[in-house]
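One chain, chain A, links the two complexes that follow: it is found with chain B in the first and with chain C in the second.
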Partner chain A sequence: MIEGGKISYKQMILLVFVSRIIGWIAFLPVILASPANQDVWIDCLMAAPIHLIVALPVYLLFKKFPNQTLYEYSQAITGKIGQWVVGILYIWFFIHMAALNLSNFSEFFTTIIMPETPSLFFVITLTLVSAYAAHKGIEVLGRLSEFIAPIIMIALIGVVLLLVKDMDLKELTPILEKGIYPSILTGLSPVAQTVEIIGLAIIFPFINDRQKIKKVYIFTPLLLGLFLFILTISVIALLGDDLAKSLTYPFYSIVRLVHVGNFLERIEAIHVAVWILGMFIKTAFYYYLIVLGLAQLFHLKDYKPLILPTGTIIVSLSNVLGQSIVELREFISFNIYTWYTLFFILFIPSLLLLTATIRKKGERSR
Partner chain B sequence: MKRRILIYILCLALPFVLTGCWNRKELSTLSVVQAIGIDKLEDGQINLTLQLLKPAEIKGSSGMKGGGTGGGGKSVWVVTVTGQTVFDAIRSATHQVDRRSLFSQNKVIVIGEVAAKAGIAPLLDLAIRDSELRELAYIFIAKGKAQDIIEAENEQEKVPAKALENLAKATRVTSKAPEITLFDLMKSLVSRTSSPFLPGLELVDRPEGTTIKKQVELCGTAVFKRDKLVGWLDGKESRGLLWVLGKVKSGIIVVESPDAETKKVALEIIRASSKVTPEMTDGKLTVTVEVKEEGNLGEQMSQVDLTKPVTFKALEEKQAAVINDEISAALDKAQEWGIDLFKFGVEYHRKFPAEYPELEKNWEEEFKNIAINIEVDAKLSRVGLSTTPVNAEEE
Partner chain C sequence: MKVFVVLLLFATIALYEIPGLMRKKEWPELITSSVLLAIGFTLSFLQVIGVDVPNPNKGIEYLIKLLTS
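And now, the complex of A and B:
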């Protein structure tokens, strides 16, 4: 067994939470998703149920193969060649996501604080610390997120509370201007961004109590949906949907608006601190998924020698991807990104599940 | 042991990473911008006026209390530069200012009348896009040139920009000009139906013999169509506008005394709120504006006891009439110009989402033809420390 560590279900939920919420506090792409008006908060409410549906194949696959990661049971289901195809696809996917993530990180910094610092500086420093965390294994990731998630939650809720006095809930009306249908479908958009669903398929076997997997499956979407809802409501109520759509970092923009009395203002450093903490966990998580996958695919005894080579790959890829924020935004827009990620988080797991059921592989689900 | 030595060496090496980063900014290498004035020249160039802080002067002059002014060292330095765009002009300023300008402490942006007539959105794009400028800076329109406003000195404040900022906040006590930050302006600029408005500033002459020749003064509201200046509202109309939007915080309403027509009574506005209800019947638009106000009897110049139910009632009615008058003055002017300052378009969007796309297409004409009902519910609650005036006439 390559990974001997175990983490609790709380750590698992928080790991996914931090890893996901941190992308939303920067771009909050749900605002741009259809119906793209003041109704987008309904998307956020619809996100949790849709998340449950999308994550169902991953959950059922775990029930069939409780001791194996995605990389391992793909062999049991489809044989050696199938395992290679699935494994390579997912390793590519995580490398791509980690690189995207790093370029987001450096874009954010060069846009808002340090425009003249080379982006490679941010990318390399973050990769180095993440590599160290990934090197320490899943237990460290779990404990880190248990420690950092409350800081992020308190910071986000604190900022939103400071802004409540300036919010105008009338900005959310008229409700359901274009009818309910556009809103239901686009709950898909935030869920499709939740790449961590497939990350769970890999870390599920590392839980210390198998009975608690159901809790992970149910509470992760609820927690994420709640926070997405809070973020979106506060952005729309403060900025209105037209202005929010025209801003690069909507949530950062509203943090800049905090002013209480004449003394409590300019607290955007809090947002930046949260962003660094969260991005660290997120990058380390993806990093871990890549090296673990590589090791399992090549049947190595240990993933640790793979850490540095992988780092060079994602750093250079992020440098290629993150040439400009305009291209990044185009890629993460609803029309491209959703289908790209859904292929990995929904289509392949469903296919695996179907094959496993037909070929009667894995444990009988009771 | 080797490992331990390595760790010690690493620890000793750590201070080297603390030397800072690329974008460090030392105070001694910066000039802090307090106010920005934007004008447009005849050839379309941008004329930018920056008010820069001179920290040494501020510190020096507060030290010598009441002593000799030492030749009257000014605490700000005003620089004027020209450029193709605002950003271009800012960078050109470095040809005069030896230090790099820091904009994150900027308090006020003033736009000249000529520039405002040509459109303010292009001038403010930099302020919105750049991360250094604050969305909470106050915005004014200068009657005349913005440069003159930025150059004008102030008796009270060492830094004139601080005085401008305080003027913006002071609008709360009269409600005769709006208080608008860049953020408020951004919100109204994105709207497809409603139009932005900004407080105006002008320079007035001061009496002979004073140290400062010209004084900056608030003067009503500049009104825009999309982003282009089309006209001005005076104090009365400005308050009418703020009544409808529910933004009146305080102010004085002067009415005639019920008993003696020539004597004036001043009523202080304590709180006010408004409600706008859009209606649509057979394609005809009707808007009902309800304003609720609560005031106090602040001052009276007549010699009768006004604190009786009958006279109080009369005062309340007069107060309501004044408010009604202010509101209709603002509405008439806006409808004449076809500019929706009151966010009626937004209200129609909220209440009639299905019909709204049709309305939006021709909103200017629709707005001109809206029938408006004004309902004012004005109350008086307190009378202050005295009931009857000291020289009250015997009845």
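And now, the complex of A and C:
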């Protein structure tokens, strides 16, 4: 066993929560998804049910193979060659996601806070601290997220409460301008960004109480959906949908608007602090998924020697990806990114589940 | 100058990782980490000497546009 640590179900939910919400508080890409008008908040309500459907294959696969990670049970289902294909695909996917993540991080800093500093500096420092966290294993990641998630929640809710007096709910009308169907379909957009669904398929076996997996499966989408709803509705009610679409960092822009009395203003430092904390956990989580996958695919005894070499790949790849923010945003747009991630979080797990059912592999679920 | 820094960085990482693995005779670990380090080195070295590394996002975009349109 490469990883001896165990985490509780609460830590698992919060780990996914932190690592997802942090991408949304910077870019909030759901605003750009079609119907792309004031109705996007309905998408956010649809996100939780669609998330449950998309995560179903991963959950059922866990029921069949409660002791194995995704990398291991792909061998039990499809044999040696299948395991190599699936393993290499997912390791590439997580390397790509981690590199995208790092280039988003440096992009945010160089465009908004410290324009003179070279972006490589931010990337390398974040990678080094995340490497340290990944080196300590899943237990430390779980405890870290349990500690940091409340800070992030309080900061976000606090900022939104300070802004309530300026909100104009008339911006949300007319409701359902283009009918209900576009809104239901684009509920897919925030779910497809939830790459952590497949991360869960890898960390599910490390839970300390198997019975609680159902809680992880149900509460993760609810928590994410609630916060996505709060963020989107406050951005749209403050800025209106036209302005929100044209801004690169919508939530950052509304944090700059906070103005209470004559003394409480310019609190965007809170947003930056939260962003660094969350980015740290997110990068460490992806990092951990990569090195664990490599170690399980090559049947190694330990993943620790792989950490620094993997870091060099992520850093150099993020430098390639982050050449221009326009290209980056085109890639993250609904038309490209959704299908790319859905291939990994829905298509491959469904295929594995189907094969496992036909070949009668794994434990029979109750 | 930049080339020198990159070489120094990767030499440091290699010297930090490899002797311990050699001593414990963990050959699979040694091979895997060396291959990863070689990939990382190639990627960063190409960027430092000014070769345009192809952006994988472009390829994925092209593939998806081909499949969905």
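By definition in this document, the second predicted complex is superposed on the first by the 366 of 366 C-alpha atoms of A that agree within 3 Å, B and C clash if a C-alpha of one lies under 4 Å from a C-alpha of the other, contacts with A are read in each partner's own complex, and residues count from 1 in each chain.
We adopt the following convention: a residue touches a chain if its C-beta (ideal position, glycine included) is under 8 Å from a C-beta of that chain, and two chains touch if they have at least 3 such contacts.
Everything numeric in this text was worked out from a predicted model, so none of it was measured.
Enquirer: Answer with first, second, both or neither: which of chain B and chain C does A:I157 touch in the superposed model?
Expert: Once the two structures are laid over each other on A, A:I157 reaches no partner at all.
Enquirer: Using the touch criterion from the header, give the chain among chain B and chain C with more contacted residues in chain A.
Expert: C
Enquirer: With the two complexes superposed on chain A, say which partner A:E327 touches: chain B (first), chain C (second), both, or neither.
Expert: In the superposition, A:E327 contacts chain C only.
Enquirer: Per the contact definition in the header, classify A:P174: touching chain B only (first), chain C only (second), both, or neither.
Expert: In the superposed model, A:P174 contacts chain B only, not chain C.
Enquirer: After lining up the shared chain so the two structures overlap, which partner does A:R256 touch, if you call chain B first and chain C second: first, second, both or neither?
Expert: first
Enquirer: Quick check for you: in the superposed arrangement, does A:V85 touch first (chain B), second (chain C), both or neither?
Expert: Neither chain B nor chain C is touched by A:V85.
Enquirer: Between chain B (first) and chain C (second), which, if any, makes contact with A:I113: first, second, both or neither?
Expert: Touch status of A:I113: first partner only.
Enquirer: Between chain B (first) and chain C (second), which does A:K301 come into contact with in this model arrangement: first, second, both, or neither?
Expert: second
Enquirer: Which chain A residues contact chain B in one complex and chain C in the other?
Expert: Touching chain B in the first complex and chain C in the second, no residue of chain A appears in both lists.
Enquirer: Please name which positions on chain C make contact with chain A in the complex.
Expert: 10, 13, 16-17, 20-21, 26, 28-30, 32-34, 36-37, 39-41, 43-44, 47, 53, 55-58, 60-61, 64-65, 67-68
Enquirer: Taking the touch rule as given, give the residues of chain A at its contact with chain C in the complex, in rising order.
Expert: Those residues of chain A that touch chain C are 96, 294, 298-302, 305-306, 308-313, 315-317, 319-321, 323, 327-328, 330-331, 335-336, 339-340.
Enquirer: Give the list of chain A residues in touch with chain B in this complex.
Expert: Residue positions touching the partner: 111-118, 121, 170, 173-174, 177, 239-240, 242-243, 246, 253, 256-257, 259, 265.
Enquirer: Could you please specify the touching residues of chain B with respect to chain A in the complex?
Expert: 21-23, 131, 134-136, 183, 186-187, 190-191, 349-351, 353
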